[in-house]
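Note that the chains are named A, B, C and D in the order they appear, and that numbering of residues resets to 1 at the start of each chain.
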Amino acid sequence: MAPTYNIAMVSDFFFPQPGGVESHIYQLSSKLMDRGHKVIIITHAYDGRTGVRYLTNGLKVYHVPFLVIYRSTTFPTVFSFFPMFRNIVLRERIDIVHGHASLSNLCHEAILHARTMGLRTVFTDHSLFGFADAASILTNKLLKFSLSDVDHVICVSHTCKENTVLRASLDPLMVSVIPNAVVAENFKPYRNPGEIPKETFGQDPCPARPLGPHDTITIVVISRLFYNKGTDLLTAAIPRILENHPNTRFIIAGSGPKAIDLEQMIEQNVLQDRVEMLGPIRHEEVRDVMVRGHIYLHPSLTEAFGTVIVEAASCGLYVVCTQVGGIPEVLPSHMTVFAKPEEDDLVVATGKAIAALRANKVRTELFHEQVKSMYSWTNVAIRTERVYNGISGAISEAEFYGYDASDPATWSATRGRSGVQSFALIDRLKRYYGCGIWAGKLFCMCVIVDYLIFLVLELWFPRDKIDICPDWPRKTVDERREPGVR
Amino acid sequence: MQGHDAFMRVFWPTDLPRSDVRGVVVGWRNSALDVFVLAILDEVEPRNVETALQIGTLTRNAPHPVSRIYELCGQSSMRVLGLANTPESVEVDSSWIRVTTGPGRRVPAVTCARASNIQIILFERPLPGRMQYISLNPIALALGDKKGSFRHDSPESGDDDDEKEERIRKEKKRRLVEKLKLHSVFNRVPSAKEKALPKIVNQINWAWELEQLLQKNVSRIGTRSKRSQSVSERVVESATIARDMMVLWLWDLFTFYVLPVIQRLFIMALMSHRFAAELLLTVLEWRLRPRYAALKDISATAQQVEIRLQQFCYWPMQYVTLRLRKNDWGSVTTSHPDYIRFYNSLWLVANDVIIGIALGSYIIDNSTWVAEEISDLLSTYTVEALQSSISWLMGWPAGLKLNSELALFLGDLFLWVIDYWSSCIELLRPVLPHIIWFIGFSSFAGASMPIALFSDLLSVLTVHIYSFYLASARIYHWQLNILISLFHLFRGKKHNVLRNRIDSCDYDLDQLLVGTILFTLLFFLLPTVVVFYLNFAIARMAIISLKAVFDTLLSCLNHFPLFAIMLRVKDPRRLPGGIRFELRDTQDFRLATNNSPHPIPSTSVIYLKVRTPSLPHRQMLTIEQSIPLNFKAMFHQYFQMGNRIRKHYLSPHVVLCLLTGKFVPPLNRKNLYSLQYSMLPARRAGVLEMWDAVNSLPSPKRRAVPIVVPVLANGKRLSNNGGRIRSYG
Amino acid sequence: MAVIGWAKSGLIANNLDHRRQNAHHPPHLYIRRPSPTTAEYTVTTRPPPSLTLRLALVSLTTLRLVLFLVALLLLTTHLSLLPRPVTQHPYLHPLLASPPYQALVRLTGPPLPAWAFAAAACAVLYVCFAWQLHTTERLLVLRGLGIQTSTTGEGVWGSWRPATRFIPTEKIRDVLINEAFRGFEVRYYLVVLVEGEEEVVVVFPRLLPRRRIVEAVWRGVRGCLYEQGGEGRGEKG
Amino acid sequence: MAPPLSTLSNLPPDQVTASANASPHHRHYPTLVRSSTLPTLIPRSHRSDPSHLSPEDAFVSASPPRRPGLFDGGNGSGSEMGTRRMRPKDTSRSRSRRRKRFQKLLWVKQSYPDNYTDQATFLENLQRNPRVQPYDFWPLVADSTTIVQHVCSVIIFIVCFVGIFQERVSPVSVVGWGSFGTFLGWLLWDWWVGQEPQGNFDGVPRIREFRPPRRQDSEAGLPTPNPGTPSVSNTPALISAASSSTNLFQEHQNHHHQQQSQRPPLVGQDSSNGTSLSIPGHSHSRSVSSIHSVTSQTSGGATPRTAFGTEGYRDGAPWPVPPSKWGRTQLRLRAFKSAILIYFTLLGLSPILKSLTRSTSSDSIWAMSFWLLAINIFFFDYSGSWVGVHKFPVASLSTNAALMASTVLASRLPSTGQVFSLTLFSIEVFGLFPVFRRYARHRSWRYHVVLTVLLVMSASGGVGMILGCEADQWKNGLIGTVVGCLISALAMGGCSWWLIGLQKYKNEIYGPWDPARPIIISRRHWDDD
């Protein structure tokens, strides 16, 4: 039977804060637990969420008390997380540490400490970064630091993979592409008339299919209204779209600093009756909003994966999106109309989409099944499990990396080779040393200090003083639950 | 019920007279195997006792209605629980207990046919005559009826924000607790034994009185050998009865003719006083608008007067309730806290007046000297010190780079005002001795009065500092704002009011020029204003802290839990702070079961500790009693007030106000004094209610007999019983 | 062990007092159980009685006694409380006249003010009198009555009179084991959820014993507290 | 293999930021990538297309400086990895999935393992240095003249202050000459404005200005109506000049002001857009704060400005184009009004100013004014954009700093008259003169050069006089003039050479992950947050 692991998902971003990374972690963990692994989640303390929690499916969450500085990322102290992390890892008998989200300091620290403690580490990158401005340069340095000694990296799209490979100068072979997924059951299209639509969202909840030539076409936009979500494009494009196409209307959900611009736009050219702004909505309401529309407009400027367009397609919406980042890889061409991130092109693309819908050329009612067949979390979990097997040597390197490790000697010190990736301090130092002329030495110093701290901790809080906590009953893969607890 | 739990619980009073004669154990049977022993009636037949309990012979001529006992103890009747010191040969009902006790043994040996294991809970009976009692949760010294009342009737003021955030925190906590409720692993129905605890507490409180009653009436049941009284005894008895009659007759005369008159007069005086109080209170509480501050919020004296008046209005009501207590069983413990509160406030006022007389006489005797001192203090600290500091600021102090012109201007301005003020003080100086004399005289109404007057005097005599503080704060604040906006202009930005953020904006050339020059100007003038502002702010802070000291003093005088502390010293059992148990070491039941051939019921003896220092026992010596009502609970409100003051004055908000020159509001009197009101009800009783209450007071005529006689009788009977038992022993 | 619910961690994390757990001796668990309906769990840092321990205790007590007396004597002499006949007493006099004592007197003499010395002496007296060596925490379970926790702290301020808290049974919502962050580690501890109270009651708050002890106590409490001795009852339904 | 790694893995931040300002619009057009602009130092990888990066680049780029010892191993890996990278295909082939070729899509069920790296498609649309213009020497020099002008005017101001402070020069003469010059300048300006043909009253300068962004727009496939052909001629010079200036300027910038790094990762920005940076927009919510322009030159908050500009000339000026007569009288009136206002304000304030900093020690004042003037020089808006006469293109921060410096300096002067005159003079120098300079440069190149030469000479002469003793100040002045001219010439040439030399270190990686820069035409306003 397949080996099962004790996995610790580490990230700054987790519930109660909503977001893509959060739901990714949650879904992945629960699916992994279904496959018989033990998963815990380590994140920082949110307001009103401190200490140790169990989610209802037995997922254990450690909300580590930490200082939060900006948009719920903790303060980057390189070592301060180590004692607590070690305690948790030991008492939970973790053997794989899986960090998420390259903006989360908690995750980077955890990866560093985990390597120091001799654990396997995986990192999942959810976001794209340019090489242009100083902020992303700092981020890239940090990323390179923590990824210099990681066992494997998972990216959510090929673009994301290229980006990560370049940023952290990794070996492409140790970067896997495992996309996000959606819970297709939560995003069913509006089909059965028996369903009572939520009246909270406006007047006509049920879009009529097939469309007549003069039916109103509703265009839905759901995104946080930030600059890099392309809200400026949206603000510029909406009036032109509306004036080109008489009976169309917009539904915009989400909030952010750019909301004021949108409102000003609505007021400037009087569009209150054709643009409906719902403000912030919860994630479980997203579907109810989506099924009211025919077209989903996604004007984002950068996007690693773009889960929301998959959700929209799963709801049976025809997707108009900008051709940036990983978006072109996500959906087949018959579900989407691509536009360049320019106002004119966006308007043109939307026009095309509307025309196609009016001509009933798009079989949107088939989208749901197709999307369900494309993306499922179980599939993601299986592929992630393969990565775990690979790094922990359960499957041979030849199978995992597609080559036979001819002589481990040459590879022992190079970047991520599973099985033979040695935890010896000197090899790790070699890996870190190459991160740059000055950065390399700095990183080496950090690693050495980390190792010393590790030794001190071993003396100070000896392992036998730490209580091993009992496991939640593991599910066997054939879904037969053991009764009771212990 | 009997089937599954075979464990029995026996509550046993430790101070039950121990004799080894055969007896019948009488008490409450809370549930089948949960018995509460009240008394052991010696030398009686169980079935007689049973019948007597049924027909109520044993509770004959009780001083108060018997039904009350049953309703409070939650049982329909007392039962025979078992036999004491009876040989095994006598067969008894299976649910009865066999007790073997005696003078020698501390802990009675209890066995029961139905119980496999027995819990004996020994307890010490509180004496109701001395108002001792036990309760599950500590006695509340403060009046509990107004948690929220002070929030909403206090006018919204500057320091409501910390109140608000406190409330928010509470709210969060409450929600967390709600979530906690959601988590219930399984909700089990408490068994009869577990639900019985409050009843049992009552029964313990009643134990003493009931035992007295039973023992008094035990003679009515045919005891075995009732020997007749000797002649001498009969003579003595008749004599005592005759004397009692005499006393009674005189007492009746007195109550019938003299007392009503006195009562009438007293009530009249009371009511008139009440009217006056009502008038004054309305004056004190009158506010121009509901938002505005009333007189009592402004001046400490008014506050003090109001508190006193409130107390005066409240006392009769309290007294009435306490009087009503008299015609009920002594074991009804509901009114004990009222009693303590009532006498506490009386004591406090008395104390206050005593100290006040001393203080007042002192002040009056050398009022001139005090006046001198005060005027000196005034001139030195509120005039000269200020002048010197200002003149110090006028020539560049401490190497600060002040602008001399501005400093001169400001300094001259303030100095001029101070001179004017000092002339006013001079005007006031001759009047001062009279004021002092008046203050001293007022202190015959209690030492708190002069203190309040002093604090008011302080705030009146330092009004100039207050105004200086206001003025300089205004200037400073205004300049700071201008500087900030000009700095935005300097950076070529402006504060966008619509979006509440900093936008970039392009100014015209002339705007830029003027703005920049003004910016430079104000920037270089800032330090001068700052030092002046700081000077006055510090003075203001000093005065505020002084007033805070006065207020603390006042609240000490008004709310010191004097009576409680004295009770604590005198008789700790009157201040119950909860109960605690203590496991007496008996043999471990496993050993007991395996080494004894026939399984005796494994017994565990538990002492229910109600703050008794006695219970003479070696193991007990190691365990001292926990403080009945610990001092922390007594002074809880002081800690509360301290927290409030600290949170208001040492909060970052205040520091921010100081730095940005906003006005620092003094602590709202209502909040500060809520401590002192905690002795008073949220709303005082109206005049009519009081009238009804006072008249509803029962005339002591008929009551007098049962009050006086039975106590005597009880006492005698008690000694008799004891003696008799011993004679049999 | 499944008795860890949703909302409690927040409460506990605030609740746990972060006083230093005395590490010099790991806490033991003693169980007194005279009848199946009553049990007392004692967790103490006092090591199991042995000869050496007894000797150490005896010597310590004598040392304390000596210190106490010396401080008392010094105090009395400095404040000259002793009446003359007492000082001239044949037993006491040689001691008072003995050179070491005189040296002590001179040492604590005039250079340091009288009040300071008095304060120091009082402090010494108090310490000698009230110093606690061990922390002992008890949990008394009475079926049908309730649970009573009691704590005897170590050190000077840990009052040697146990602070007790009695919780009647029908007030007890649940007894369970919880985890929380404490300093740099995650600890298990036993809590009693009390009906209608904000704070949960932490059992053994000072020396939070290890999971082994806590679990034993938890099972014992469950078995002893409720009538149908519920071993399996506490598990998450 | 070594260099690409060095360029890839450790770029100094300033170079990347410097290279980062490039307009996005070439992204979809790899043909436009000028491989010629690739620094020669970067060797071609074995790929034919230099702008593509092979997986080896990504991988090996990390190794050499990291382990000089194992470098050979890493190097061997480079070759050996090509074979290895084929292996997954072999294995898959053995699993007989050969017919399905790898697609770079997520929704298809790939027949390859997740960590398979396809050589054909991996990093296929990565580009290096897509948009780098080579700078040529003379335009750079020509453009550095603006800076020289400004520095010289600052020096002149300082000279005047020193003169007044040491009572060598009478303040009245200084302010008199200054005002006279200003008046002349104003007359000239007025005349020019009158001369300006009605048609391109707004248009011509705009067309010149917005030539570069519009070209890019058109390349970016954006419909550009009404291409202003007439002015194409002198565009490149202007662009390169402006760009070089901004770039040279960034060389200063990056050392001094790190607020660039605080900028959010917005779109990069081609330096030629810098020319359009400082156009003030309409009266509402548009900014000309030069701190913005500078930082946004690197972090490129300015694209919309271009967009705005194009829009500005496309659908007519948002503000009403004033007919010349009326506009000119109105302008005159405004000029008079502000002049009067400023005059009397100064008159009123100068007594207070006189005693303002008496208590402050002199050296702190000197230091303060030095820093303020430095701020003025560094934050000055050198991009000689032209908005039309109706608007003074003032850069708030630098102007304010200069004015504050002058106020502080003036407050050291003993008499009110001196204070007043110095402040007034500073206003003329820092407030009005830059406008005149800019306009002159915009008018014709000759005026510009003449003005530069004059300024340099007078500044250096003044410095010479001040430094020298009273007696033979004219000789000192002469010497100073000569030396100053030499120094300035050397500086201009040297800096230009330096900048051109720096160009070859420029290396910008560009790929689909970079946030796209939205091209928004009908933007009402722009605010970057």
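The rule is short, and it goes like this: a contact is a pair of C-beta atoms (placed from the backbone, for glycine too) under 8 Å apart; a residue touches a chain by one contact, two chains touch by 3 or more.
Here the structure is a predicted model, which is why all the values come from computation and not from measurement.
Colleague: Farthest from subunit B in C-alpha centre terms, which chain would that be?
Modeller: Most remote chain from subunit B, centroid-wise, comes out as D.
Colleague: Work out per-chain C-alpha centres and flag the one nearest the whole-protein C-alpha centre.
Modeller: Ranked by how close its C-alpha centre lies to the overall one, first comes A.
Colleague: If you average the Cα atoms of subunit A and of subunit D to get two centres, how far apart are those centres in Å?
Modeller: 38
Colleague: Take the average of all CA coordinates in subunit A, do the same for subunit B, and state the distance between these two points in whole angstrom.
Modeller: A distance of 58 Å separates the two centres.
Colleague: Counting in whole Å, what is the centre-to-centre distance of subunit C and subunit D, each centre being its mean C-alpha position?
Modeller: One centre to the other, that is 73 Å.
Colleague: Taking the mean of the C-alpha atoms as each chain's centre, how many Å separate subunit B from subunit C?
Modeller: Comparing mean C-alpha positions, subunit C is 29 Å from subunit B.
Colleague: So which bits of subunit C are touching at least two other chains?
Modeller: Within subunit C, residues 5-6, 10, 235-236 contact more than one other chain.
Colleague: Give me the residues of subunit D that touch two or more other chains.
Modeller: Correct list: 529.
Colleague: In subunit B, what residues contact two or more other chains?
Modeller: Subunit B, residues with two or more chain partners: 176.
Colleague: Using the touch rule from the top, collect the residues of subunit C that touch subunit A in their complex.
Modeller: So the residues of subunit C touching subunit A come out as 1-2, 4-6, 9-10, 12-13, 178-181, 184-188, 210-212, 232, 235-236.
Colleague: Using the touch definition up top, name the residues of subunit B that touch subunit D in the complex.
Modeller: By the definition above, subunit B touches subunit D via 396, 401-405, 489-493, 496, 501, 503-510, 512-517, 519-521, 524-525.
Colleague: Quick check on the complex: what are the subunit D residues that touch subunit B?
Modeller: 280, 285-292, 338, 341-342, 345-346, 349, 352-353, 355-360, 392, 394-397, 399-400, 403-404, 407-408, 411, 423, 427, 431-432, 527, 529
Colleague: In the complex formed with subunit D, which residues of subunit A make contact?
Modeller: 128-138, 144, 152, 154, 157-160, 162-163, 165-166, 169-179, 227-228, 230, 232-233, 236, 239-240, 257, 264-265, 268, 301-302, 305, 322, 324-326, 329-332, 340-345, 374-375, 383, 386-387, 399-403, 410, 413-415, 430-431, 433-437, 439-440
Colleague: Quick check on the complex: what are the subunit B residues that touch subunit C?
Modeller: Per the stated touch rule, the residues are 4-5, 7, 9, 34, 117-119, 121, 136, 173-174, 176-177, 179-186, 188, 190-191, 193-197, 578-583, 585-590, 602-606, 623-627.
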